[in-house]
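Below are two complexes that have chain A in common, paired first with chain B and then with chain C.
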Partner chain A sequence: MSRIILPLIGLALLAIVPLIVTDYGLGLLIGAATYVTLASAWALFSGQTHYISLATVAFYGTGAYTVAVLNETLGYGAVLLCAALIGGTIALVVGLATLRLRGVYFVIFSFGLAELVRQLITWYEVNVTGTLGRYIFLDITTRQIYWQMLGLAAITIALTAWIHRSRLGMALRVIGDDETVAAHSGINLARVKLLAFVLSAVILTLAGAITSPRYVYVEPSIVFNPTISFLTVIMALLGGANRLWGPTLGAVPLFLIFEWLSSNFPDSYPILLGLLFIGVVFLVPNGLIASTERLLGKAKGARG
Partner chain B sequence: MTRISRRAALRALSICMTSTLAFGAGSALAQDGPVKIGYAVARTGPNATGAGITTIPNYELWVDTVNKAGGLTMPDGSQRMIEVVEYDNRSANEDLVRSIERLATQDKVDLILPPWGTGGNLAIAPLMARFGYPQLAVTAVTDKAPDFAARWDRSFWMLGGGHDYAGGLVDVLTKARDAGTINNKVAVVSVADGFGIDLITGARPAFAEAGFELVYDKTYPLGTSDFAAIMSEAQGSGADSFVAFSYPPGSFGMTKTAQSMNYNPAVFYISVGGAFPIYPGVADGKAEGVMAIGGVDAESPAIQEYFTRHTAFVGSPPDSWASAITYASLEMLAQAIERVGLDHAALAEELSGGTFETVVGEVKLEDNQLRDLWWIGQWQGDAFRAIGPADKTGAATPIIPKPEW
Partner chain C sequence: MLEIRDLTIAYGKHIALDRATLNVAQGTMVAILGANGAGKSSLLGAIGGRVQPTAGEIVYRGQSLLGRPAHLLVEQGIALVPEGRGIFPGLSVLDNLRLGAIAKRAATGANAQMEEVFALFPKLAQRRSQLAGTMSGGEQQMVAIGRALMSKPDLLLLDEPSLGLAPIVVKEVFAALSRIRETGLTILIVEQNARATLELADFAYLMEVGRISGAGPASQIKSDPAVVRAFLGGTLAKTR
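Coming up: the complex of A and B.
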């Protein structure tokens, strides 16, 4: 029971925090909630299947761009719905064509996808509409953005928890362990992978759509920033991508560290960032949760 | 044998601490405390080049100049030093927006200076308006400046829009064609980003209206590094004028390509980067006659003095387009503070309605925009001189055709 009640209490507390913090505090909360959502949504597909995707920003940017294009013609709810549909459709088409790729080929492909989407949008805007920069003027307050993002983060984590217990989660884990075995056990590889990929993509797209009113001005080179993809991966890996709370535990501290580094060491920030990445990969390859459990297990073993 | 005991060391330390505190308190009493000015600029990422050439050096030069003179003068004649709070926005709007929130609500700075670039200035505009800070948006080229000035009444847009620059270029070419120096064919290439597209959409109708024929009109992706194909197509198009709405390093790449293939159009125009102090070096010392966006009145003593001061402080001369305007915007700010103090509403009103003496001459904004600008310049001798609008005082006469490379 406490597995459900504790997170709900936490969620309720987080929902009332904006009433007491400063605007900067709220900005930090939005940033943290965004990365928790991104890392969790990424882990929803990649954590179980071990398909490392660098396409996060392809969907995140698509979401932001959808809002930029439609915010003057449709209501906000309809815009979000469109963003989700577009993100899902892209994931479906792309997934059908490419989820057969394995290992490093998939990594490279997913990185290329972000660039492809960005160039396609640029080409369309240049040759068809003739305006590249677009404006988002929506009457959405920072608090509302935070609440939406918090809600999306909660939904993502709840969805992940549900999937972990379902047949789908089981199938994804088997695929992650050995695809050949999975196929022989009667798992429909294409359908299972596609389903997880599309779910993850829809959430990533919505995250981009929800934050976009904060930027007012949108341009492909601004919203398709590959750093977002890398940060998402490293955050999920730090916490542990195959655990329910892993991405959250990775995203929050890393986000705060980045913020602290960039304000205190603006000149050496990129170097420290690189060192941090290497440190994560070498020191906690299985994620903080797994490492902590191993340490605790050792301590127990020593006592017993 | 004497040894410093732990107790003695502690005592020494405490005396030292107390005296520092006392000294600190004393100096705080002597003055009104510094004026805190914050900015979040791109130290890293894709915007770092632009910010590093146009924005950051001018902010630092201005703060240094003001503080060496004893600080900002207040309306009562007293002076207060400037204390800077700086963050890296990592060229990401997400970080930029958060930094502005931090400056306004955490550091509670007195004034906020804008970041480099159109996107950044638009991203912070709603926040600046909400917190009430005046925003001197210099490095934002946008045709929507009138709308923005109306939407956020404490925002000031000081670098014009794409249509202005395209129009300035067409004016220069029209005069040359009417004088018979060039034909009415133009080859134009543009970079596929917000700036390049703004300029080309402004230029197409302007060229058509002036009776020019765009015999070559291509857009290339941001990040292109090989220009041999488009340059040779432009060369073969029969146009006397080559126009590139480009960004560095593309502007530099095109210059080098044109030189290596011995492409000598009568008019060679590039956009951002052409007015950079490094351009003559890039062009291998053969920049003479190259036209580009921007320009300064190189004969004006105020500009010459600013160039000398900038060179002494930064180590290189400023660029001849947005740098001087950036510095002028800061001079406006200082003069407005001297007249009305630090109250944001009064400051915005003074910036909007007042007249200011700056390095670019006397400045008075029209509807919160600086409209008295140079649209096009040309390398002549060792300086990048403004040539258009031709009727503005200080305009040099264009050299057409450009001497061969």
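Coming up: the complex of A and C.
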């Protein structure tokens, strides 16, 4: 029972925090909640299957841009629904064509996808609509954005927990281990991978849509910034991408470190970021949770 | 049960399999023997739906298998144990076996099937909660075979089950195969270990550099002097 109650208490506490923190503190909370959502949604597909996707920002940016284009013509709820549908459709089409790629080919493709979407939107805005940037004026308070993002993060983690116990989760894990055996066990590889990819993409798109009013001014180079994709991957890897709480555990401290670095060392920030990436991959390749468990196991073994 | 006619597999210009024709009758154990690079794995890959043949036919119970993805084969009763064991190291023995019952045809009576697998491999029953990755090579092979049996197959395809195993463990694996054979299951086995395989099989095909170079009942093949020299380690092998 405590596995359900403790997270719920935590969620309730997090929900009342914005009533007491400063605006800067609230901004940090939104950023942390956003990256928890992104990293958890990324891990929903990539954590089990080991298909490393760098397309996070393709969906995140699509979500933000959907809001930018539609916010004056549709109600907010309808805009979110449109964003989810568009993100899901892109994932479906792209997934059908590319989920047979493996390893480094998939990584490169997913990176290319993000660039493709960004260039297409830029081309369309310049040549068809004639404006590159767009403004988002919505009647939404910062607190409301935070609550929405917190809700999305909670839904993502709950969904992941449910998938881990379901046949779908079993199938995803097995695909990550050995696709040949998975297929010969009767698992429809294409369908399982596609389902997880689309689910993950819908959440990533919604995260972009919800956070977009914070930008106020949106243009492709801002919301399709590839750094977002890299940050998401490294956060999920730091905590442990195949664990339920791994992405959260990686996202919160890394987000805070990045914030501190970028405000204190704005010039050398990219260098420090690169060093951090290398450090994570070298020092905790299996994620913090697995490393801690191993250390604890060793300590136990030494004592016993 | 399974008929393969003039099957040709080419990777670019390299022909891995050249017009192979073979037949597996229901209830028999058929062996394909040959050295590395003889085309054995390409042949199994084509039956398993992973390798696209250039020409030829694969017919199972009157239906063509060409172009059929691997996960549908399971539903038709064809289970494959891939080379290199194909187990899930991070899962327990029990979960590995349960996974074999993920197919629709195995959904009912999975528990009874599990009991049968445990009866065939008592060792797996003792170690049902152990992580499969921490087991010895031979035990892992048993997990892989047990997993394949969980889908209640009519035809079992084995790709080099003795590969990389110590001789004493190979013996254990073949003893298990002989128990499976007694249940009447149809088996197609690809092996380099000709001697042990011929003890069990009814019929054998010999493969050399992409073609089938000989075929016959296992008892006959065993005593053929040419086969003994080439496949069973005769004088040539001894001088090496």
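Basically, the second predicted complex is superposed on the first by the 304 of 304 C-alpha atoms of A that agree within 3 Å, B and C clash if a C-alpha of one lies under 4 Å from a C-alpha of the other, contacts with A are read in each partner's own complex, and residues count from 1 in each chain.
The rule is short, and it goes like this: a residue touches a chain if its C-beta (ideal position, glycine included) is under 8 Å from a C-beta of that chain, and two chains touch if they have at least 3 such contacts.
Because the structure is predicted, anything quoted here is derived from the model rather than measured.
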Tell me the contact category for A:N225 with respect to chain B and chain C: first, second, both or neither. first
### Message
Under the stated touch criterion, which partner chain does A:S166 make contact with: chain B (first), chain C (second), both, or neither?
### Response
neither
Practice task
Check whether A:R214 is in contact with chain B, with chain C, with both or with neither, and answer first, second, both or neither.
Solution key: first
Which partner does A:T292 reach: the first (chain B), the second (chain C), both, or neither?
neither
Check your understanding: Is A:L132 contacted by the first partner chain B, the second partner chain C, both or neither?
Key -> first
The answer to whether chain B or chain C touches more of chain A is B
Chain A residues contacting chain B in one complex and chain C in the other none
Chain C residues touching chain A in their complex are 48-50, 69-71, 73-75, 79-80, 82, 86-91, 95, 99-100, 102-104, 106, 144, 147-148, 151
Contacts from chain B onto chain A in the complex sit at residues 43-44, 46, 86-88, 90, 92-95, 97-99, 101-102, 104-106, 118-119, 122-123, 125-126, 131, 142, 144, 192-194, 196-198, 201, 219, 221-222
Interface with chain C, chain A side, in the complex: residues 167, 170-171, 173-174, 177-178, 180-181, 183-190
The residues of chain A that touch chain B in their complex are 22-28, 31, 34, 119, 122-123, 125-127, 130-133, 135, 211, 214-217, 219-222, 225, 227, 259, 262-263, 266-267, 269-270
